[in-house]
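Have a look at this one.
Chain nomenclature is as follows: A, B, C and D, assigned in order of appearance, with residue numbering initiated at 1 for each chain independently.
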Amino acid sequence: MKIEIKSMKDLPMLPKTLETTIGVYNTGAWRSAKPILHEDKCNKCYICWKFCPEPCIRIKDDKGNEITPKIDYFYCKGCGICANECPKKAIEMVMEA
Amino acid sequence: MIEIRFHGRGGQGAVIASNILADAAFREGMEVQAFPYFGVERRGAPVTAFTRIDTKPIRIRSEIKEPNIVVVLDESLLSAVNVTNGLKPNGLVLINTAKNPEDFKHLKAKIATVDAKSIAVNNKLGSKTAPIVNTAILGAFAKATGLVKLETVMECARDGTPVKKDENANAVKEAYEQTKM
Amino acid sequence: MGKLTIPEEEYMLEGHMGCLGCGGTLAMRYLLKGLGKDTILSIPACCWAIMMGSFPYTNLKVPMHNSAFEVTGAAISGIEAALKVKGKEHINVVGFAGDGGTIDIGFQALSGCVERGHNVFYVCYDNEAYMNTGIQRSGSTPVGAWTTTTPVGKTGDWKKAPKKNAVEIMVAHKIPYTATASVAYPEDYIKKVLKGKETKGPKYYQVLSPCPTGWKYPPEKTVEIGRLAVQTCIYPLYEVVNGRYNITFKPAKKKPVKEYFELQGRFRHLPEKVIEEIQQSVDKDWEILQRKVEMTKDL
Amino acid sequence: MSTTSIEKTEKHTTTTKTGVKKVMHGNYAASYGAKVARAEVIAAYPITPQSQVVEKIAEFTSSGEMKAQYIKVESEQSAMAALITASQTGARTFTATSAHGLTLMHELLMWASGARLPIVMVNVNRAMAPPWSVWAEHTDSIAQRDTGWMQFYCETSQEILDTIIQCYKVCEQEDIMLPALINEDAFYLSHTVEPVEVPHQELVDKYLPPFNPKPELTLNPDHPAVFGSLSKPDEWYPEFRWMIHEAMERAKKRIKDADSEFGKIFGRSYGGLLDLYKCDDAEVVLMCAGTLASTTREAIDELRNEGKKVGLARIRTFRPFPVEDIRALAEKVQAIGVMDRCFTFGYEGPFFTEVKGALYHANNKPKLKGYITGMGGRDVDVQLVKKIFADMYKVKDGKQDAETVWVDLKADVNNMNAWLKVR
């Protein structure tokens, strides 16, 4: 998660990372098209989850139950692989505003 | 000296736009300099590019912090980036948008708008999901600022783009005509 | 795992610098699903050297060494030796490099490492050119391809020299295990990684990782193109275990190379005659591969 | 003049009597330099931020516009190895690289000078990893100080192009025969677009004769010989090294001559070894290399308007080092500040060390101070240079708190552009 290095004193002694990218880079801001999943057409085969290069498609809720895939738009770059690979054509790419 | 900052996304041609503008000003007798924000470009990631135009040779070798003009190639950047950061008093902001200048009063600057995205799509520049708007926006730049002539920008758009030269020149002309101020 | 066909745990996190539809990210994601937590990566100059984000962030849940461009083979040898001396040989030592970093500038170090027999993985994510520096030709660029240093132009200056076959070079090193893989077939890829975990000594993987920017196709087609490469037998999926060849995926109906080329701008300039020549060359290689399987099946 | 308008000068023609002017990157200026200098063998490997150089050359050679063999080698080590033998076989050779590519060539750089081969190479100055950095810094080329290569630092893209031509002119002279490294700052030149004149080919051909070394000094079956054989301590090894020294000293004048002769034909020259700007009556002079000099000229003009007598002495050649020119400058200046965009760990900035060393035997010893700036490509703007000049005025007046300071460091929360004392 995001950390703030205020000065040299906050730096590690040698160049190594301190945190993961979770919550840091809003790569979702990169997309010009957005994948919209139509639940009625989805059979929860999770092929979209399998091929997502981010990966940012969630297939379980926080209690661990399988859910209809939920796309995390904070990270989704809108590459469209999920839409292209979905066997049920349940994911539609919609141009952003 | 006039300092211009371009905001776009990787693949939208912001860097090429800054170069074509420099070429056009040069062909009209100006001294010029253009350079990208020296970061790691990635398709879709925010990109910044700069152009300086002057009557005498340009020697400054550092980023533009107080631009006279800001050009926004992708409207969605308005929420991601503070495009008017450092803009000089009554500087100009040119935005690629279907909306009108009045819709951007909150930016507290002179506003010009043009729907460069539809112009690019109509002229088959880039793909539908990733249109290349850099030449169109320069047509609007010529109209909004008068710094460079339409014909020069069309000529430079033709020379500065690897493919679809006529479509790019045409996009410049259409944007010039459709610029709202 | 329920209905999932690959392990669910993620060791490569979201929010990285990969371009839209980057094949190289899938090559890493699936690899780490197979290897798991106890893994140390060494990565040279390549797209992946900046993919995980810049300081102070990383999108990898495993430790990683950034190395110079030409030394991946030597770097993993050093890690393996130190782990051996420290009695930590359960940790997977993995070199993960691009095609240029593997078969051009890094070839000497790779060859030495494999010849010495270090117990390491070497995974080459093959996007068939120097993408991080802006799409220049590499020894792994296929015949016919446009790059910025095989610019085609009016003189038809596309890549003429044949793509180096790293897997066959590894076989010539008498490597215990080597295999090809494609990001379009993650089950096949991960199965081979798990086999590697059971094999002592050097393991080499060549993973086709399509690149939208460099191959000039819309980002949503990455997996489709990765599949077509296999279905056209341009990039057959096979493994070589101590010299014995085994094809791990046979396309029901072999598709023409034309179908693969049509989706990619980097081949758009090719005249029919050249496409036909490439088709014949692909057919010949596919025939040779099948004979190798026959020749070595009961060794 | 409103914020967004400018008075237009007359439209100047892009074709002049000396060349055709175009707006281009510094990297393309390097490719055009190799082209008009008629380089015959190029061996190059891509690296950020140099890749456009090799891409443009691929375009030229692929289209036939440039009659050269372009070997697309598999590493920078092989790039230099291939050029060593190509040059030894009598061809004019060129390549371009940067940072890790240059350092991977280190062993072969020694080979090229030892074999007395006039190879010309453009290096895009870039910081060394780790951490990874693709931005401007001079550490990579300074680390080649002892390889026997001449070193030039360019301030503009035009200077890159012109210096390539001038270097072939100097390096290929019979009693010089040494290689030259031409440096351009990453991004500030390599990726910055500005007007550059591509000289007319016939004028370049008039200025720069073809490379034809004596046949017996090349790999030539008509003159069979072995190049680089063993030389025992009491035989001739040191003497071959002394001859390189002689050639390097001889080169000082040849570089100045080549620069002025170039000026006569093309109307442009670059101050030979040490490029002086407003130093005649200067009390305080700043010395630096590369694009730091451009920003310094801006600062000088502003300070001159405020009545401050300040000047710039731009180090154009780091090797051969302009000792005599620096001593001459020291005669009439009270204080010299040296801005280094690199640092020698365990001591100080290398440019500062060399300037200080050169002045030890000078008659007049001005006050000296070193400034470490712009490491890792950090932006050095006019304000910072003016602050350095202000600091130099204190040094001139005897108030010197440090020999060297490292400026613009993010030291701690309340001091994010700290000046930390090195010594």
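In the analysis below, a residue touches a chain if its C-beta (ideal position, glycine included) is under 8 Å from a C-beta of that chain, and two chains touch if they have at least 3 such contacts.
Nothing here was measured: the structure is a model prediction, and the numbers come from that model.
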Decide which interface, B-D or B-C, involves more C-beta pairs in contact, and give its chain pair.
-> B-D
Per the C-alpha means, the centres of chain B and chain C lie apart by a whole-Å value of 39
Centre-of-Cα separation between chain B and chain A, whole angstrom = 31
For the pair chain A and chain C, the C-alpha centroid-to-centroid distance in angstrom is 24
Among the residues of chain C, which are close enough to touch at least two other chains?
-> 17-18, 20, 50, 55, 212, 218-219
Which residue numbers or ranges of chain D touch two or more of the other chains?
-> 130-131
Residues of chain B whose C-beta touches two or more other chains = 10, 40, 42-45, 129
Specify the contact topology among the chains shown, as one of line, ring, star, complete or other.
-> complete
Chain A residues touching chain C in their complex are 3, 5, 12, 15, 17-27, 30-31, 44-46, 49-51, 53-56, 59, 66, 72, 75, 77-81, 83-85, 93
Tell me, which parts of chain B touch chain C in their complex?
-> 10-11, 40, 42-45, 127, 129
Can you name the residues of chain A that touch chain B in the complex?
-> 26-27, 29-33, 77-78, 80, 93, 95-97
Chain A-touching residues of chain B, taken from the complex the two chains share | 9-10, 42-46, 74-76, 79-80, 128-130
Can you check the complex and tell me which residues of chain C touch chain A?
-> 2-6, 8, 10, 12-18, 20-23, 25-26, 29, 52-53, 55-59, 61, 186, 212, 218-224
